[in-house]
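There are two complexes below, and they share chain A, which is joined by chain B in the first and by chain C in the second.
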Partner chain A sequence: MITVKNLFHSYNKDGNYQVKDVSFDIEKGEVFGFLGPSGAGKSTVQNILTGLLQLQQGEATLGGYDVKNMSKDMFNKIGMSFEQSNVYSKLTAKENLHFYGKLFDNPTRDPMELLKLVGLADKADIRAGEFSKGMKHRLTFARSMINNPEIWFLDEPTTGLDPSIAADIKDIIKQKNKEGITIFLTTHNMFIADELCDRVAFIVDGEIKLIDSPENLKLQYGDKLVKVEYFQGDQVLQKTLSIVLPEDKELLRNIIENHEIRTMHTKEATLEEIFIKVTGRGLI
Partner chain B sequence: MKLFSSFVKELKIASRGFYFYIEIFMALLILVLFLFVIPDNFDSKKSEYIYLDMPAEGSEIYLKAILDESIEGKAEEVKVKINKEEKKASLYTTDNSRIYILTSREDTIYMADKERKIAAIIGMDENYNFHYEYYLQGYESARYKDLLKILHVHSSDVIEEAMDNIEVRPLLINYDSLSDRENMLPSILVFNGSLMGLFIIAAYIFLDRQEGVIKAFALTPTPVWQYLMSKIGVLMLTSIVSSFIVLLPLMKLRPDYLLLLVLLITTAFFSSSLGLLIASFYKDIIQAFGTIYIFMMIMILPNIAYFMPSWNPIWIKIIPTYPMLEGFKSVILGSGDTSYVLSISAGFLFAGMILFALANHRYKKTLVV
Partner chain C sequence: MFKRIWIIFIRDLKVNSKDFISLYILLIPILFAVCINLFAPGINDTTINLALIEGENQDQVEYLQRFAKVELFKNTEEIEKRVEKRDAIIGIIPKIDGYYLMSQGDESQGIVDYAKLLVSFYELDIDTEDSKGELMEFGRSVPPLKKSLVNTSILFISVLGGMLIALNIVEEKVDNTISAINLTPTSRTSFVLGKSVIGVLYAVFGSIALLFITGFGRVNILQLLLILLVTSLLSILVGFIQGLTNTDIISAAASIKLLFLPLIAGVLSIEILGDKWQKFFYWNPFYWAYKGNDIILAKSGTWGQILVYSGLVLLLSGIVFIFLAPKIRKGLE
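Moving on, here comes the complex of A and B:
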């Protein structure tokens, strides 16, 4: 559904690339995620694919259409939820959706139905300018579904939302995916990537470090870890150690021999720990 | 259909904001000022206070001379407030002054000294020659003072003869003219419609930029030009409404309103396209302000030529507001030169289309900036 080959992008066209040699494919019906820290280039890649940024170097297709000269028809088939909510503050929630829907050629969804979905039904007639940040974000998210998109871009769909709303949004994403929609999301939250994505790409400094499914990654990199709490004098210390790496094994043996152990658990590696191991960088 | 829906949306947004009401409010304010404060013709007549310090026979001759000059051919008995007292005076109104003949020397000096009016005491010597004592205020022009000096050097016969030899030939025969007040209307229409339009459409664009809604628009199958055009539509509407608010009550049925509509639409199209193009180069209104200001100032210049016919350099005619002013004047006159108005309308439409195409090209490229 989406193919990207050797994509480069330099905002200032000065040879400093914010996106470097990025290539990937997204299958129809797949949930594909970009996981990476702030400034990694996640939004930049999405914006190139939707045509908001001009494609400078490389190739990209969207549903078979070349991104360089995207046909009007393609816009009927894509939806995008922006990382910064962008709605008319002078229009009510319902008006925002109503007028946006009018801009498409294909049948669009009922604004009220969408507002209900994101928990804004009782705020339908309030101007978006009076909304909280999270409410605006939900409205932006709801708007991205109005044209029943086949390809759905979600830039940080749950960032800044409270956990219960984030859970609702995740459910909607899962539901949409079940309906066969192709989803390309970005996040710096490993739980989102783990829970929602069929495959994730680790991206740092504009480069993709690896692409795989969360399960595969855990099998491959997630060698078993031991979390141990022990006493040193009156202090309780805590360490997470690999039972594969020789230096970790040595340290663990040392702790068991010389200290009183308080607790000791084995633990599966999280996506974040794998991210750190692969890229040498944290997610924040 | 999409265009109409976008227009309705823009109208809704605009009507909930502050800028939308600037033009309408200004139009109402101007209307009130014109109806109740500004006189139909600006009074440029000077008031002069004169005391005739001479025997009755002398003053009779003098008064008869003034009477010949006066418009009505007779004097009006009026009361003038002098030093808190109502005093009797005779008023003679001539083409360019109001002459009050007072009854005492003290009163006349009082008017000059305390009321800062132009006053004169005219005496007569034994040889029946008039002599004049003028009390000026110091702000009179040198020309006026010189005029007073020569006025009485020659006998009035010489001056009269000279005047008779000067031929005044009107350059345009049989043309309608506007009163002083009406003459200001073209300038107001241009300022409130076109110039404010230029500024306001830029403000609308920056508001949208700030909210990021242009990005969402860019991801729909609707072309960018419709987005821009729907905004221009709002500006055209406010320009039409505010112009009619001012013109209908003041000019009644005299203007050719159909022609006015054509001119309003084309000039609003031109100036809002210009505003769009300027705004496309800047991120926010603060950055754009300098450029918008310069453009507005240049566009205001033709007003000077409009009100001061003696200053009319060729280059000023290139500034688009120059033909706008002429066009609106012609329309307001009613008997206007239709082909002239239509030809400048076509010019604005054409120039507007070029600016609009450029703006459209720029917005397509710079949506995310």
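Moving on, here comes the complex of A and C:
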């Protein structure tokens, strides 16, 4: 559905690349995640694919259309939720969706239905200028669905939202994916990536370091860990120990022999721990 | 394409009609017109004064009041006294088989004729609806001050149309919504045209309203439309550029105000400077627009002249466009 080959991008066209030799393919119906720290070039790649930024070097296709000279018709099939919400402050939530929907040629969704979906139904007639940051973000998110897109770009869809709303948004994304929609998601939140994505790409300083499914990554890179709680006198102590490292194994044996165990679980490494291991840097 | 131009225009209209600054701009043509009527003697506003006897013929008084300032007096002697006092008043006094006019003798022939005609028209039971001609303007020419005020106002209104466009572009910039529009099948041309419609319609309807209120409603509207459209092109261009290069409404409006300089220069050069200076203003599109409007308002413009003037405005705006188009294209990305 999306193919990208040897993509380079330099904002100042000075040989200083913010995106370097990026290549990947996204299958139809897949949720593909771009995971990387701030400034890694995630939004830049998304903006090149949607045509917001000119493609400078490399090749990219979107649903069979060449990104270099994208047909207007392609825009009927894509939707994008922007990282920074961008809605008309002087229009109400409903007017915003209504106006935007009319710019498409294909059947669009009912604004009220979308507002209900993101929890803004009771705010439909309030000007977006009076909205909080999170409300504007949800409106931007709702707007990206109005033309029933086949390819859906989500730039940081849950950033800055409170957990219960973030959970709603995650459910909507899962639901859409079930309907067969291809999703390209950008985030620096590894929980989101882990939970939603079929595959993730780790991107740092404009370069993709690795692409794989979260499950594979955990099998491949994650040491098996054991989290153990035990009694020492009346105290409950807790330790997380590797079952690979010799000194941890020794310690674990020691605990089991000499103490009463309260709980003991194996624990997988998180995507974040893997990210740090692979790229040598954190996600923030 | 037309669908999207329309949708974008309607959105702008909706926003502008709710916003204080743009609403104010929308009302300016009416405000201008009212001010011109107040301060410049108009063609509707007849300056002829008539003196009649009170209660002698109420029907006639009512008829004449529609076309002249009527003062009422008790009897013929009072009218006589009044007529002697000031020059521009004419007494209308009954005699056995009709009326005679009493004047001081130094009134202009036009005024006396006007009074005579009014009385005859009343006697013949002729009303304005019966006229094929211009009863209201009989014997008088359009006052030059009023004409040039109306002309200048029309040019102002077209610049304000550009300001309205700039306001709407600034709104898109501040809200960062152009990128969202760019992800719909809306072509850049549709967007630019959609955003321009409000400026053009404002210039057209604002000017026509101004003309009707100030009593120029019977000029050749088609000729005026042609000049208006080409003048608006310039305002649209400047509106777009300022909208795209400024991030707040105030600085955009301030930059657009600079357009008033060539506008005023064009007007003043024609109204004040002698023939030998005129060639120094040929570069100025407002100069030609003013000239075109002038003959339209005087109802002396032929289509040939109007085409030449609007052609010149178009040419000069075209040159400006060639310089500004790349900037506009870049700003919309």
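Annotations
To be clear about the criterion, the second predicted complex is superposed on the first by the 243 of 284 C-alpha atoms of A that agree within 3 Å, B and C clash if a C-alpha of one lies under 4 Å from a C-alpha of the other, contacts with A are read in each partner's own complex, and residues count from 1 in each chain.
In this text, a contact is a pair of C-beta atoms (placed from the backbone, for glycine too) under 8 Å apart; a residue touches a chain by one contact, two chains touch by 3 or more.
In this text the structure is predicted, and so the values were computed from the model without any measurement.
Partners chain B and chain C, once the complexes are superposed on chain A, run into each other and clash. By the touch criterion defined above, A:159 lies against neither chain B nor chain C after alignment on the C-alpha atoms of chain A.
Of the two partner chains, neither chain B nor chain C is touched by A:3.
Residue contacts after overlaying the shared chain place A:148 against neither chain B nor chain C.
Looking at the shared chain after the overlay, A:104 reaches both chain B and chain C. Two complexes overlaid on chain A leave one chain C stretch from 93-101, 111-119 or 237-245 clashing with chain B, and it is 237-245.
On chain A, the surface touched by chain B in one complex and the surface touched by chain C in the other have residues 50-52, 54, 72-73, 75-76, 78-80, 82, 84, 86-91, 95, 99-100, 102-105, 143, 147 in common. Remark: chain B residues 1-2, 5-6, 8-9, 12-13, 16-17, 211-213, 215-223, 365, 367-368 touch chain A in the complex. Chain A meets chain C in the complex at residues 50-52, 54, 72-73, 75-76, 78-80, 82, 84, 86-91, 95, 99-100, 102-105, 143, 147.
Only residues 47, 50-54, 72-73, 75-76, 78-80, 82, 84-91, 95, 99-100, 102-105, 127, 140, 143, 147 of chain A touch chain B when the two sit together in their complex.
Looking at the complex, you find that chain C touches chain A at residues 3-4, 7, 11, 14-15, 18-19, 171, 174-177, 179-187, 333.
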